[in-house]
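Below is a structure I'd like to ask you about.
Chains here go by letter, A, B, C, D and E, matching the order in which they are written, and residues are numbered from 1 within each.
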Amino acid sequence: MLAYTLRRIAQAVPILLLVSLISFGIMQLVPGDPAAVLAGPNATPDELIKLRQTLGLDKSLLSQIMIFYGNLFQGDLGYSIILGEPVLKVVLERSPISISLALYSLALTVILGLSIGVIAAMKHNRWIDQAAMTFALIGVSVPNFWLGLVMIVLFSVHLGWLPTGGYVPFFEDPAGWFLAATMPALSLAMMQIGLLARLTRSTMLEVLGQDYIRTARAKGASEPRVIIKHAMSNVLIPVVTVLGMILSVLLSGSVIVETIFAVPGIGALLGNAILGRDYPMIQGGLIFVAAVLLILNIVVDVLYAWLDPRVRVQ
Amino acid sequence: MSHLEISNNPSALTSLRRFLGGRRVRRLIRHRSFMIGLWLCLFVTAIAIFAPIISAVDPNKMAIRSRFQPPSLEFLLGTDNLGRDLFSRVAWGARLSLAIGLGVVLLNAVFGVLLGALAGYFRRLDGILMRLSDALMAFPSVLLAIGIAAAMGASAMTAVISLAVVYIPRTARILRASVLQVNELEFVNAARAAGAGDFHILRRHILPNCMAPLVVQLSFVFAYAILSEAVLSFLGLGAAPTDPSWGIMISEGRSYIREAPWMTIIPGMAIAITVLGLNLLGDGLRDVLDPRVKMEH
Amino acid sequence: MQKNPILRVEGLRTTFTSDDGEVVAVDDVSFDVNEGEIVGLIGESGSGKSVTALAVMGLLPKSTSHVTAERIMFDGRDLAHASERELRRLRGGSIGMIFQEPMSSLNPVLKIGDQLIEPIRIHERISYRAAFDRGVELLTKVGIPSPVQRMNDYPHQLSGGMRQRVMIAIALSCSPKLLLADEPTTALDVTIQAQLLDLLLEIQAETKMAIVLITHSMGVIAECADKVVVMYSGRIAEQGPVTEIFDRPGHPYTKGLMQCTPELTGNSRRLTTIPGTLPSLSALPPGCRFAPRCDLAQPDCVAGRPPMIAIGKEHASACIRADELVASAAQPEGAEV
Amino acid sequence: ELCGHVGGDLVLGMEAKLGTLDQHVNAANATRNVAMNIFETLMTRDENMAPILDLAESLDVSEDKLTYTFKLRPGVKFHNGKPLTSADVAASFDRYNRIGVDRSALGSVDRWETPDDATFTIFLKEPQASFLESISASTVPIVIVPSEQANAEATRLEPIGTGPFQLEEFVADSHVKLKRYEDYKANETLDAMSGFAGRKQACVDTVTFRTLAEPGARLAALETGEVHIVEDVPTLSKERLVGNEDIVQTQLKHAALWLNYPNLSEPPTDNLKIRQAIQAAMNLDEIMDAMSDGSYSLNPSFQFPGQTYYTEAGSQYYNQNDPEKAKALLKEAGYNGEAVKLLTTRDIPRLYTAAVVMSEQLKAAGINAELVVLDWPTALGMSVNETEGWNFFFTGWITVTAQGGAQSLRNLADPSNVHKPKDNKSDAEFMKQFQILSTSPDLEERKAAFAKAQERVFEQVMAIPFGVTPKNQATRANVKGYVPFFNTRVSNVWLAE
Amino acid sequence: MSKAPLLSVRDLSKYFTIRSPFRGTTVGTVQAVNRVSFDIGEGETLGLVGESGCGKSTTGRLLLRLIEPDRGEVLFEGRDLLKLDAGELKAIRKSIQIVFQDPFSSLNPRMTVEDIITEPLYVQGGMTRHDMRDRARMLLERVGLNAAHITRYPHEFSGGQRQRIGIARALAADPRFIVCDEAVSALDVSVQAQVINLLQDLQEEFNLSYLFIAHDLSVVRHISDRVAVMYLGEVVEIAGKDALYASPRHPYTKALLEAIPVAHPRLRGKRARLGGEVSSALNPPPGCRFSQRCPFAQDVCRREAPALRELGERHQVACHFAEELQAVAA
């Protein structure tokens, strides 16, 4: 297991390198420059040139890359142009917010998605199944930013149940965190709940059609026992394999959800960085996020290996 | 039986049947949610095609005096902050959304197939291509699309390209998996034993048999492209705003969500209905063509 | 051998809802299984053997299948009209079942031991420890070396033969009175198949349980069965004692089956064949379902469903020309038709 | 007493995200809204945008108008406890001169000196009538920071000022939290606050500026009481909120001037006749109505009504709404359908709307208008750096206009020339008036010059002002002492219990 | 018999390296085919039997170079197939064809019967579409299907009919030699008999040679002239079928034959059964690979691998004690 984990981590390194190259490439193509954003519409061209110099934007592409990697290997992701703070510091401050939001979303996804899927499969072709699948289908079809807007109007303004947005650090005020994070987490999770419910249902149906389920029934096992002991353990395996993907989507979907709900997460940070042309921030931030995703994927794979004895025991 | 009737009549249906297999067409036609999806998609497509005819007014025609009109007989779906007719705008928005979705799907079909087939069939290319796709997939997809869109400047073309870049690695992976699977089937060996070359085998044997998962995947890519285009437009990175796009409409309407909720809700529903239709279509195709369990992203 | 039926199936009929509408997979099947007897259920793929067994167990999917029977008497109880609860008590307890695929019939993520002792834990109130010991005992009995270690293995760590032994152990774990064995050896290699059949026969001789042995190999029947039920396209074509069936087949299908199996000793250049293939359930011919492939067919055959005709002691055939056939069997063997 | 009640946390819902609090290198409104409660300047603008001393107690101007001597207010301390000295002022000017955005304000400065801790002297190279106007401008104000920060690089300034509030926490994209600076030394020369100057007091313990970019969410937050003050209340919502007793609406009548300017290097707008045709074709009422949902006033000037330099010179060219004239002019110019590219952004919805409406109007007059919609950085960069690919750039002068005549026309003069004239040489007649405007010691002469310059701008169509929008804000009813201004001021604001 | 055989295999070997998907380390090598040699004459059928995983299919595929061998020679009409370049290989592929076990996966579901059957002709080139179609019709009729069904798709046929289509495809390019890899194993007995008859008829008609892979010993006996028995990648015995079935010289062959169920209930009786499980070809034991299960195994068997040696006329065995065993049996 350890060897496997290490190997996976080693494989992640070239991917990160590629990621950074791609993001560097994209950013070089971006027109507009951070100096213009900072200086505002009334700055004179001369003032812009000077500002660009002070920001180090006048250097050649190659030297910017060299400087970037030089610093990267020293663990330095550079300074954000707009925020004026070390990228690493900002990213480290922000990512827990997004990650906790993504994990909350993931929890919602797993709990709701799994139970909806299992119930639908057990009531296959009955009205509960139809209702559950209709819900799941709507979940995957509704744009999440739209859902977010509609939820704000409904839950905050009309019902007054939940705050309109913002972020409360979990350790300061868990209840407040919970309230503030619920709508963003839900609007992020909606689609994934739908997808997971559908995946769970179809996997469950498939598993229920397997010979070993018939064997279990032939042993006289009761229905709950068949579902919980024999079916679920097998259903969880494919479900776990998609968790990494779900997490990636949840983290990345946060760009827009964080904007709408004013959550100061990494999605909003990077979205703004891209729109504000904050190259070091984008570059460093993307590498960081990619690294987090790769690590999460490794965790998921290890979890998968742990769940499936066919892979575990070798 | 029905086979003979159909094969005597060389129509479009025959070629579709050839592609899908006759039994499958019958099963699709009987698949309730597939048919609902098909009708929804046809409905949206019809609206897109006939937008100039069914929308009485120019979607960009402003009438400041009649702004913020709620849906009524005069303004079927109401008007927006500039007094533009939302019905026309939604109808023309269908054009744009479908065109962008189609563009992404076409690029996916071409490059996803190319890369997936190369990686799956020529194992020597596999490592490189898959690492590249790993790297592209390591990016959070929305950020990647935003980055590319920002780099290229907002336009429909940009939206198509950036979303294609996001989805092609995913399509390629699915195709690669099918190629690997089909490559194991005996008829490929049979062709090889007959002396067929790689190109022939790919074209005649492997690709046709990877069509089912591909078609299914593309139907989902279509749906996601429409959703993601809305996200990009919402952020101001989508289509050129003279063409009414649903995402732009939601984005414009959000300032008025309390007072003129229809400005947001109607384009939102348009997206939801289209995506719903495509999802149903895809589900049906998957049930019938590609019963393997899979989760698409 | 006492004639005391432990299982009596009467008028079993099973339909499935499928893409092509309702299909009748098993149509009016009746047979008896006496205590301590091995009944071979033979027929080609799709003839309804497995469905028959599963219907007896009440294991067909409720959503797509519909089972009716006049009676399915097992040990004094009518399974056809029993509640799911009652059926559950019998399954794995008094009735054991072995399936064809040793690979897929074991749950891949659970330990062998857990799967093995599950029926014991379900049907008997004994401690885990005691059940575990019983499990080890069972594994020893079916000839698995180092059984204690094997209890902690997962199915994929075992070879196909060992897996099937485990399946047998599971089926035997509560000392059933009836064992339904659905092609228990088909997926295995010849030498292993022989081992396992020997093992089954040994255990049967020891415990005197009744076995319904489903197979499509005439050889296996010849080797094991006391009585044979031949199925064709969802119906019983012929049933009777094994020697009767081999010596005097009363149905052209049975006869064809035996003749088209290449003989190990025979040198005949050409094999006798049954032309055509099994009809599809959604397009069944009228009357005798074998008629379109039968070279003895005559107009009466398609007129209506042929009744079961008794042609000997406990020997009956669903062929209106059964008598002719039995009579011709008295002639020297090898006569090609 | 300035504060009816002391204590509490005042929460403001901000529209725009702010990146940095480095006031020297940032022209964003959002930055000023927060930063100007932390920092103070030597000299700033009062409520009427006239220059006024703040950290300086007195100012002596020499006879020859070349030496300006400021005496600092005693007892002022930075948030880090360090007393303010002239060295800090000099360091701040140094830093501004090095990297500040609006460095041209210091263009005529020769040097500065610090004869003693309380004295700061500036020497000019030549007399400049608008010098005080320039250094007191609040677009990118020369805020005073501790001398140790003289070398801080752009955006890396530590936000330590002398204002009534000090920074407690800054989480970009989320919120900035300020708390009362207990050792604040108020400017007692006035009884109350005026502009950014005057007597200020932190009535509340803390102030939280929350970024609530989503307009729906921002207003919802006000309605639910999550925030006390929001900026930019949509016109539609204003009407709805009227009935809400918990909410009080406020307005700064003239907050922003909306305009666009042509690109004089790119055909067809290099042709005066065509520019005039476009000018003639425009219905500014409609544009303003659409972009503000009806909350606006027309304004044929580059100054707000009531401001010193306000004039309607050239107003005959303003809001002509005469498509026929436009067509005639087009014909005269030999226009044959060249595209007129309107460069705008969706990041600022009003600019986008203005462009959309204008393009419709141009089309109605037979002009082939095309929208070029880019994100703000790109659009801005394009208008600054490129002389091709666009014909009109849309923008809004929010503070610039308020800063007075010279400041607002500066963009059309050499060397800025946002309208990209040939060889980067602005119109000679205009430049002549602009020179007078910036150097004449006589206000009346300067006003006359402004009027002539403005007329020239109209004539030559160097920029087209659309109109003025107010700043509509709303507060919870328990918020007292809040006075809307070009930028948010949280001093002297208190929460009634 | 003096004539050179049509196909002659010498020391053919193929090892597969198995990697753990989880650790990425090499788990070991499967010696799927190890130093296999045999000859097949013109018009002759060699049966190949053995238990699952013993390398039968791999052998068959190696002959066609569907898998590249590690070592050895495959001489077809005197030319070593393994030394041919791509063009020569393509040309010779006309003469060597294969029929697969699975009648479902061996036919491309997206192609019509016509396209499937004519594919070898199409690939080889040199024939008009019209001629190809005629030939396809002819072949269809020859394998007992209706020529009018040429436009149908595989799913419209039953398993036995599909297997006939597969046979027609193999015949299309006029082969000399066909590998039948469990060509009848998946079929029901009644259909199996039809296909076996067909194969035999075709052999007579076209003077074909078969390598007939199967695990059903009675079928192999019925169709073969000679039979080779494989165990864990090695051929342990080759002989004429009568000699082999009547007097097997290798203990494994003997065990295999004893495992065949009786033909009639009256012939039941207790027989010696082979113990143990089928071993894995992964990292096989040194010495004789059968030694672990062999009731007669001695020390030498566990040390030294017996070579295939001639024992009587065209009867080869790989057992150290073949002679003794025969003596015991007698």
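What we mean here is this: a contact is a pair of C-beta atoms (placed from the backbone, for glycine too) under 8 Å apart; a residue touches a chain by one contact, two chains touch by 3 or more.
Chain identities (UniProt): A, B = ABC transporter permease; C, E = ABC transporter ATP-binding protein.
Please read all numbers here as calculations on a predicted model, not as lab measurements.
A count of contacting C-beta pairs for B-D and for A-B identifies A-B as the more extensively joined pair. Chain centres computed from CA atoms place D at the largest separation from subunit C.
The centroid of the Cα atoms in subunit C and the matching centroid in subunit D are 91 Å apart.
Mean C-alpha position of subunit A lies 53 Å from that of subunit C.
In this assembly, the C-alpha centroid of subunit D lies 88 Å from the C-alpha centroid of subunit E. Rounded to whole angstrom, the centroid-to-centroid distance between subunit C and subunit E, based on C-alpha atoms, equals 31 Å.
Touching two or more other chains at once are residues 30-31, 149, 152-153, 157, 259, 275 of subunit A.
Across the complex, subunit A meets subunit B through its residues 14-16, 18-19, 22-23, 26-27, 29-31, 137-138, 140-143, 145-146, 149-150, 152-153, 157, 195-196, 198-199, 202-203, 206, 238, 242, 245, 248-249, 251-253, 255-256, 259, 267, 270-271, 274-275, 282, 286, 289-290, 293-294.
Here subunit B touches subunit A in the complex through residues 131-132, 134-143, 146-148, 150-153, 223, 227, 230-231, 234-235, 247, 250, 254, 257-258, 261, 264-265, 268, 271-273, 275-276, 279-280, 283, 293, 295-297, going by the rule given at the top.
Residues 124-125, 209-212, 214-222, 225, 229-230, 233-234, 237, 307-310, 313 of subunit A touch subunit C in their complex.
By the touch criterion given at the top, residues 60-62, 64, 67-68, 81-82, 150, 153-154, 236-237, 240-242, 248, 251-252, 254-260 of subunit B touch subunit D in their complex. Contact residues on subunit E toward subunit C in their complex (touch as defined above): 51-52, 158-161, 188-194, 196-197, 200, 215, 217-219, 221-223, 245, 255-256, 258-268, 273-275, 277-278, 280.
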